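Going in written order, the chains are labelled A, B and C, and every chain counts its residues from 1.
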Amino acid sequence: MLAKHETVLLAVILVEILLFQNLGRNFLAESNVSNIFRHSVEIGLLALVMTPVILTGGIDLSLGSMMGLCAVVFGLLVKQFDVSPWLAAVAAISLGAFGGMGNAFLITRMNLPPLIVTLGTFSLFRGLAEALTKGSEAYSGFPQGFLNLGNANVLGLPAQLWVFFFITLLVWVLVHRTVWGRSLQAIGFAPQGARYAGISVGRNTGMAYVLAGAIAGLAAVILVARLGEARANIGIGYELLAITAVVLGGTSIFGGSGSISGTLLGYVAIAILNNGLSRITAHQIFDQPVSSVARELSGMLTGLLLLLALAAGVLLKSLAIRRARRQSLITTTNPTPST
Amino acid sequence: MKKYSREWSVAAAFGLLMLSLLIVAPHFFHWQPLLSRVTSQMPAMVVALGVALVIISRQIDISIGAQFSMCAVIAGLVAASGLPLGVAILAAIACGALMGALNGLLVAYLGLPSIVVTLATMVTWQEALRLWQQGRLLNLPEGIQWFGQSQAQGQAIVIGATALLLILLSWLMKNIAVGRAIYAVGSDAEAARLAGINPQRTTFGVFVSMGVLAALAAVMNLVQSPQIQPSCGDGMELKAIAAAVVGGIAIRGGRGTLWGVLPGLLLLANVNPALTHFHQPPYWEKAIQGLVIILAVVADGWNQKKQSKNG
Amino acid sequence: MVGCKSQTSSGGGEKLTIGLLPKSKGNQYFVTCEKGARLAAADLGAELLFDGPTNTDPAKQNEIVENWISLGVDVIAAACENKDGISTALKKAQQAGIKVVTYDADAQPDARSFFVNQATEQGIGDQLMDTAAALTGGEGEFAIITATLTAANTNEWIKYIKERQAAKYPNMKLVEVKPCDDQKDKAQQETTNLLSAYPNLKAVIAVCSPGVPGAAEAVKQAGKAGQVKVLGLGLPSENKAYVKEGVTQAVVLWKVEDLGYLTVQVAAAVAQGKLQAGATEFDAGKLGKLEIQGDNVLLGKPFVFTKENIDQFDF
């Protein structure tokens, strides 16, 4: 039951795999496939929870900074207050939820624009993280059991991937199978209409931000486990990557339509692109081996991909409208209003 | 005065900051460092003016930092190749206009959402620049710094040009049809169209202007030192948007005055210098700026609530 | 899994594959290192993979190392931004049978076989402090411009600057350490602020290369060239004009290209088992025989570029 957009994404992913299998060195080696996901789980998590936020017509620019703050608090609790890492993880997630509540309050209760509120918290959360660490401290030396969350395999797959599967399932169910989730699309599509339909717009929208903040806390913990270090600049730029994955996946930035499966595919497409380019050691571009400029190339290609996806979406829509118009001219009805 | 209460409160906050500096750390106002400091804040001011126009028209442009860097590098390369500064400036403007036109085309004529379009163009230009320049510091030839004039004259030119742009653009926005079209399109594009305004052309024009202003800002930055670093525009988009928003430009479009951007920018840009002069550690800067942004936006919300109660 | 190197690595299997990791790609300092590294790789007939972060995301260095593990390189040479974080990945590399050396900025000692150090941290700190003292007559306030507050190697240098000052120059006072995020413009603005916040400032030491021209420009614009001494760890090519004008009095560095060259030589030797723990000297090709202190391979002593000799260098 894949939508057209998702079919195209699947095709893109297949093309990427074929391309990198051919051009890249050991692209499909088990260690590399494992890396693809292990390195991008955090962004994937952010993308998953960014989706319900964007469905409501909002946006959350503060998720990356939230990661930094949660990571630092986590590190503090474990290293300075001798809290067990698992307890500290719960604290970090709660802190994320709390930060999300802050965003939610400003956006839904005070009716302030999400872009600017989260621009402010983007700065504030990162600033608090830097202040807590006095700009320089980093916490490390976590117990091996905790570090395994980020580095070991469970049943053949990276440990954090299992967490990711679980959260994907959870978010999918929440967004597509609960009353709350379905209200999000209505809110994004027409907030006033949703209100008249009896939906508690403020509360439902707010919960999307709380969920996003909590999962950002989780992502922070996973990243700290992977690096073995907690510092204030964790997660820089991750929110933009998450937004890219969501939009690539077909969710409309204006809200009102989108899917978790789309986001998932968008995220996979980007993760594979990022990794695949860094495996091409035998070919050159602009006098440099591709693998040396993988980051720059994947950034440029992601940007172009995003534009193509958007433009394609618009073209398809206008084609569909034209087709619908033609059909409606056959039946004598009122002329369709121009868009 | 009530109409501009927001702009005046930000100006007042800035004034308070300056007052406390005057009392606690009067060296802040030592002539030479002060002039250099103000001059270095002017490029961000010009970019903020541009993004204010974009926001008033109910769009957003987060690619302005990348545009700034690209124009700076283009200008620097042209100047370094021996061509006169005037040619370098024109090259930068052309570059900025083109990048703005691309954004404008995609947003205005294809109807794509501006936040995603400018996210895509930002990433593309940023990475392309990194690929191309690899972070090389570019040495500029003699006669480029300060437009070939003395330092005092050069600083006067930069500050004067910024002031001129501010006055000119503010006047245009209030008094020329194009300016009012921008407000109209930002308020309600459909109503504007019915009133005879072409929303697409207006939006396109706004993005091109943004590109041109980014280019001018890049040139103003270029002449302040004999070297160009390709990462000079990093973070510029956040500075500019925050300055515009704190200065009263409403993100929902159609409201705000360019004059407000000035205190908005000055307030945010002087947080770090203030911290230094109060002998406080620098890592409070982001937290303070975040608070200022949130306070400004909350104040907006209160005002709106009051107005809707009264109106 | 992580236990074995990929069999189809480095086609032919005989050619050594070296992964060179800078702190960041956007820094002329590391670009120059890479130049020297490529020369050594060419001399040795080895394949050099060069990749580094383009922003400050702390996860990026780890991801590059893990990518190389999966690619099956023979040895990794890393300049470490986050000492503890990168050690996690480097240890994984060691477990996979890949040799690890560090250069410019060290990791945890058990995460690598050798550290190619341009000079000892203490040597760098001492040289900077001594030069500053010599320029200011041993008294006055001074400030430090650093890249980020979190980088371990600059923090080490700063620590030794402080110790040297406490031990030998009690009449000097460090007033501030300000980060510039490797941005020349930010260094310029920070220095401008420092000049007016501390009117008795006598010297600015910049320990990151974009910081030196940035600080110099600020001092020049404030009209305090010569009054406030500027010195730091910078590239001669970026500071020539300021040194000649007398704005910057001393640029301390080392032959950066040689550092890259030496790093690759050491990496190759370690990978081939030619350099083992306990060695006290190392034959570094065109660089001759170099001293090894413990597990530090030393390039030499810091070099001071001044008005007199700066023209001889073009990096």
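The rule we apply is simple: a residue touches a chain if its C-beta (ideal position, glycine included) is under 8 Å from a C-beta of that chain, and two chains touch if they have at least 3 such contacts.
Here the structure is a predicted model, which is why all the values come from computation and not from measurement.
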item	value
Chains touching both chain A and chain C, listed by label	B
Centroid-based (C-alpha) most distant chain relative to chain B	C
A-B compared against B-C, more contacting pairs	A-B
Centre-of-Cα separation between chain C and chain B, whole angstrom	35
Centroid distance [mean C-alpha coordinates] between chain B and chain A, Å	29
Touching two or more other chains - residues of chain C	25, 54, 149, 179
Interface hub residues of chain A, defined as touching at least two other chains	134-135, 295-296
Chain B: positions in contact with at least two other chains	127, 130, 282-283
In the complex, chain C residues that touch chain B	24-28, 31, 54, 149, 176, 178-179, 182-185, 188-190, 192-197, 199, 210, 213-214, 217-218, 221-223, 237-238, 241
Touch list for chain C against partner chain A, complex	1-2, 6, 8-9, 25, 47, 49-51, 53-60, 62-64, 66-67, 69-72, 82, 84-85, 87-88, 92, 149-150, 155, 179
Chain A contact footprint on chain B (complex, rising order)	60, 106, 110-113, 115-117, 119-124, 126-128, 130-131, 238, 241-242, 245, 251-252, 281-291, 293-294, 297-298, 300-302, 304-305
Chain A to chain C touching residues, read off their complex	25-26, 29-32, 34-35, 38-39, 42, 134-138, 140-141, 147, 151, 153, 223, 226-229, 231-237, 275, 278-279, 281, 289, 291-292, 294-296
Complex contacts: residues of chain A adjacent to chain B	59, 106, 110-113, 115-117, 119-128, 130-131, 133-135, 240, 243-244, 247, 252-254, 286, 293, 295-300, 302-304, 306-307, 310-311, 314
